[in-house]
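Labels for the chains are A, B, C and D, by order of writing; each one numbers its residues from 1.
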Amino acid sequence: MKKRALLSTLFTGALLLYGTGDFPPWGDPNAPAARHVSPLYIEKSVEDTHVPNIVTAVLADYRGYDTMFETIVIFCAGVVVVSALRRPDA
Amino acid sequence: MSFLNLHMYALAAPLVGAMLLFAAGRFGRRLVMPVVLAALSLSLAASVLVFLEVLTAGPFSYTVGNWEAPWGIELVVDHLGALVNLLIASVALTACVSSLRRSSAELPERRHQFFTLYLILIAGMHGLALTGDAFNLYVLLEITSITTYGLIALGKGRAPLSSFNYIVMGSIGACFYLLGIGYLYILTGTLNMADLHRIIPLLDGRGAALATAFAFLMVGLWIKMAFFPLHVWLPNAYTDMPDGAAVLIAPLMTKVTVFLMIRVMFSIFSPVYEFIQHMAVQHIIVGVASVGIVCASAMALGQKDLRRMLTYIIIAEVGYMVGGLWLANAKGMTGAILHIVNDALMTLCLFLAAAAIAHRTGALGFERLGGLYRRMPLTMAAFTVGALSMIGVPPTCGFFSKWYLLLGGIEAGQWLYVGALIFSSLVNAVLFFRIIEIAYFRTPAEDSPVHEPGKGPRREAPQALLQPLVVTAAALIGVGLATGPLVERVIRFALPVGY
Amino acid sequence: MKEHYTLPQDRPIGPSLIIELSCRIMIPFIQLFALYVIAHGHYSPGGGFQGGVLLGAAYILMAIAFDQKTSMRFFPLRVNTALAGTGVLIYTGTGIACALLGGLFLDYSALEPLFPLGPVEWRSMGIFIVEVGVGLAVMSIMVSLFWDLASGGRLDRGL
Amino acid sequence: MDAMLQEIVAKYNYWIYVVLMMIGFYAMIGKSNLVKKLIGMNIFQTAIILMFISAGVKKGGGIPILDKQAVLERGVEAASIVNPLPHVLMLTAIVVSVSVTGVALAILQRIHGLYGSLEEDEILEKIDR
């Protein structure tokens, strides 16, 4: 069992490293991730929402739908722990 | 109540219902049934209207929070999404009628927690059917998983251990999916599916990273849908689950994940990328799917418990759908998409029957099923319709989707896949006729509780468990007969361009 | 859990005055700072999640320094369940309210008819309402998680 | 060979995170003790979070909190501020990681209560008996 686990780990790691070959170097200001969507967040977010903290503006407004489901994820964790552990009979 | 946000109400209704149930707590015991039924019928009505709107006015996209596509989150409601959304709403409502009654027998003092998780799971699946944003899909995948972990942990006996194994495997799947999204984000800078679809063909120099991203997205989703080599967690998880939860999760979770694979294959990447630039991959995957179908069906033969046998059949059905999609021709894809709908209904019918039988006989081992035809004639009749549909007998819907898959397999020349389909149908025939033979000819075992001398021979399942079963059995035949218009008006548009 | 747990009386150090006094002083300021983190999420790193966890940490510190019964006296179980539900309902309710008032789901500028603030100001207000909702939900869930895991579901003695 | 070396130097952060991920991944599938599997899951998720954050770094970029008045008058240059999107995504991933760990710990307590052990092979023995 351990042999198989080690083998699949090494294979996954090699595949991941093979994939990083095409990435831009670390911290490169004109990497695709820094050029396509995020410039608008940086330039427009204070104008659109009057919130200096861009991360909070993106978190709650531009991508507020994600954060709603995130709150529901943590709510589910609470419900599951309560239903799994609180056993008045046991 | 503008019609523009209708699909959001279909999603929000179960969420608000879940919150009310949790806040009411143990004292709101009477509150459970009305809130669950109201929330799910509201979301079914909204899903039907959205489906009709998409049929008449064509697909539409919806920007949450009024921000345009790549910056805000965009929901895409196209033919395939609306069809799966309607399927989720209808299966959820039918299943909840049965699980409301079954859970009062199984989990008497925990019903409000059970139905909180139940409603949030349905809302998560509605979100999955609509989303057009890759990272939002990850969050919703996590919601449906965490509620399923909780529902499994509510089961009896070995349930916590199977739930923990599912947590470990499910987390690996979700992390692989997140890695795939991360690689795509580093290469393109966007998370919106339509945007990714536009940018990916332009990334000519980045073949290696794209292939890795695609591989991790696929393996992540395969773990989540229990595609054959990665299916180890499913049999224990679906067997130890309380019956009320199995009736909802078994028919929907794997089929919605297959739908997500279609979303990733055709809305993020393109058929050209999968089928033409990487020809070899397609043959490997169809081969693995065929081997998966054969092995899963063979394993189903060796089972002694009705529900555990059904779980192995689910794994074989996932092999049908994944193989059908990777045949790379119109017939195979039509068959796979049609099979999502048909297989959900078939599995629902069989699991509803299993819940009704378990309600009466307590256990689902073959030795307890003796003489069920005399005691539960309607339940066994519906079970037989479900069995015929699983085998693929013409009037029922199972035949039509298998027919399209067979045609697609022959057209694509994948004889291994065609052989696997035929072998699996034969094995299904053996499996189900063996059960029908036990239930019809064998006399009930003396110690089984059903055999009370005082009571009359007929001890049918309670109405709340029987009505959804009969409705689903009728739906199996109805959807089967409606295959023509379903394919013509809906699935033809759901296929990717060029097929 | 039962066999190796020693009762407070026969613990070697017993309830220590120093810990209890210092916690009694610190806890209100932790909660004050937590409210600052939630409210100040617009201008400085912070927001609903971080503030909610800090609020929860105040009650968890109470449960560790004193015992679980005291922290449940200050934060009753019924209130905990209700706050968890209301926190998430605030978030989802805001989204539905925006949709019902004619805008799109979670489009805060659609809340204009409620109070004339101007669309941009409403977005900033909407973000704040949502942060408060998240803070409430995260606080009550963190505390309920700690109570359950520490006492193994019996909610009697805790660590 | 120096091309390989040159590349590692340019992107050494991704190499470190992949090694971390694989340590977590091995622990999840190789270990038989259930708590060690859970620790492996945490390592794996944390490594993914680190990878996303390092994808958003810009050399010489400031933190994504701006001065409201200055920006309203003169606006801001996008290249001077770090990319905020990975930070938002990873807030979500951290919450998901916390929730799944909480659920797994609760279920581990139930398993320990039922079978008295956390070694997978001992538990399976007890189940078969």
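Criterion: a residue touches a chain if its C-beta (ideal position, glycine included) is under 8 Å from a C-beta of that chain, and two chains touch if they have at least 3 such contacts.
All of these numbers come straight from a predicted model, not from anything done at the bench.
K.L.:
Of the other chains, whose C-alpha centre is the longest way from the centre of chain B?
P.N.:
The most remote chain is C.
K.L.:
Which of the two pairs, C-D or B-C, is linked by more C-beta contacts?
P.N.:
Result: the pair with more contacts is B-C.
K.L.:
Could you grab the centroid distance between chain A and chain C? Build each centroid from C-alpha atoms only and quote it in angstrom.
P.N.:
Centre-to-centre distance between chain A and chain C: 23 Å.
K.L.:
Just how far, in Å, is the C-alpha centre of chain C from the one of chain B?
P.N.:
Those two chain centres are 36 Å apart.
K.L.:
Using mean CA coordinates as chain centres, what's the chain A-chain D distance in Å?
P.N.:
The separation of the two C-alpha centroids amounts to 9 Å.
K.L.:
At least two other chains touched by the same residue of chain C: list those residues.
P.N.:
If we look for residues of chain C contacting two or more partner chains, we find 43-45, 84, 88, 92, 95, 105-106, 108, 145, 148-149, 152-153.
K.L.:
Two-or-more-chain contact residues of chain B, please, as numbers and ranges.
P.N.:
15, 22, 64-65, 135, 139, 142, 146, 149-150, 153, 160, 179, 185-186, 191
K.L.:
Multi-chain contacts only, two chains or more: what residues does chain D have there?
P.N.:
Those would be 21, 25, 29, 55, 65, 85-86, 89, 91-92, 95-96, 99-100, 102-103, 106-107, 109-110, 113.
K.L.:
Determine the shape of the graph in which chains are vertices and touching pairs are edges (line, ring, star, complete, other).
P.N.:
Shape = complete; every chain linked to every other.
K.L.:
Touching residues of chain D toward chain C in the complex: what are they?
P.N.:
Answer in residue numbers: 63, 65, 91, 95, 102, 105-106, 109, 113.
K.L.:
With touch defined as at the start, can you tell me which chain B residues reach chain C in the complex?
P.N.:
Chain B reaches chain C through residues 1-2, 4-5, 8-9, 12, 15-16, 19-20, 22-23, 25, 62-66.
K.L.:
Which part of chain A faces chain C closely enough to touch in the complex?
P.N.:
47-53, 55-57, 59-61, 64-65, 67-68, 71-72, 74-75, 77-78, 81-82, 84-87
K.L.:
Can you name the residues of chain D that touch chain B in the complex?
P.N.:
Residue positions touching the partner: 21, 25, 28-29, 34, 37-38, 41, 44-45, 48, 51-52, 55, 85-86, 89, 92-93, 96, 99-100, 103-104, 106-108, 110-111, 114-115, 123, 127.
K.L.:
Under the stated contact criterion, what part of chain D meets chain A in this complex?
P.N.:
7, 10-15, 18-19, 21-22, 25-26, 29-30, 54-61, 64-68, 71-72, 75-76, 78-79, 81, 83-89, 91-92, 95-96, 98-100, 102-103, 106-107, 109-110, 113
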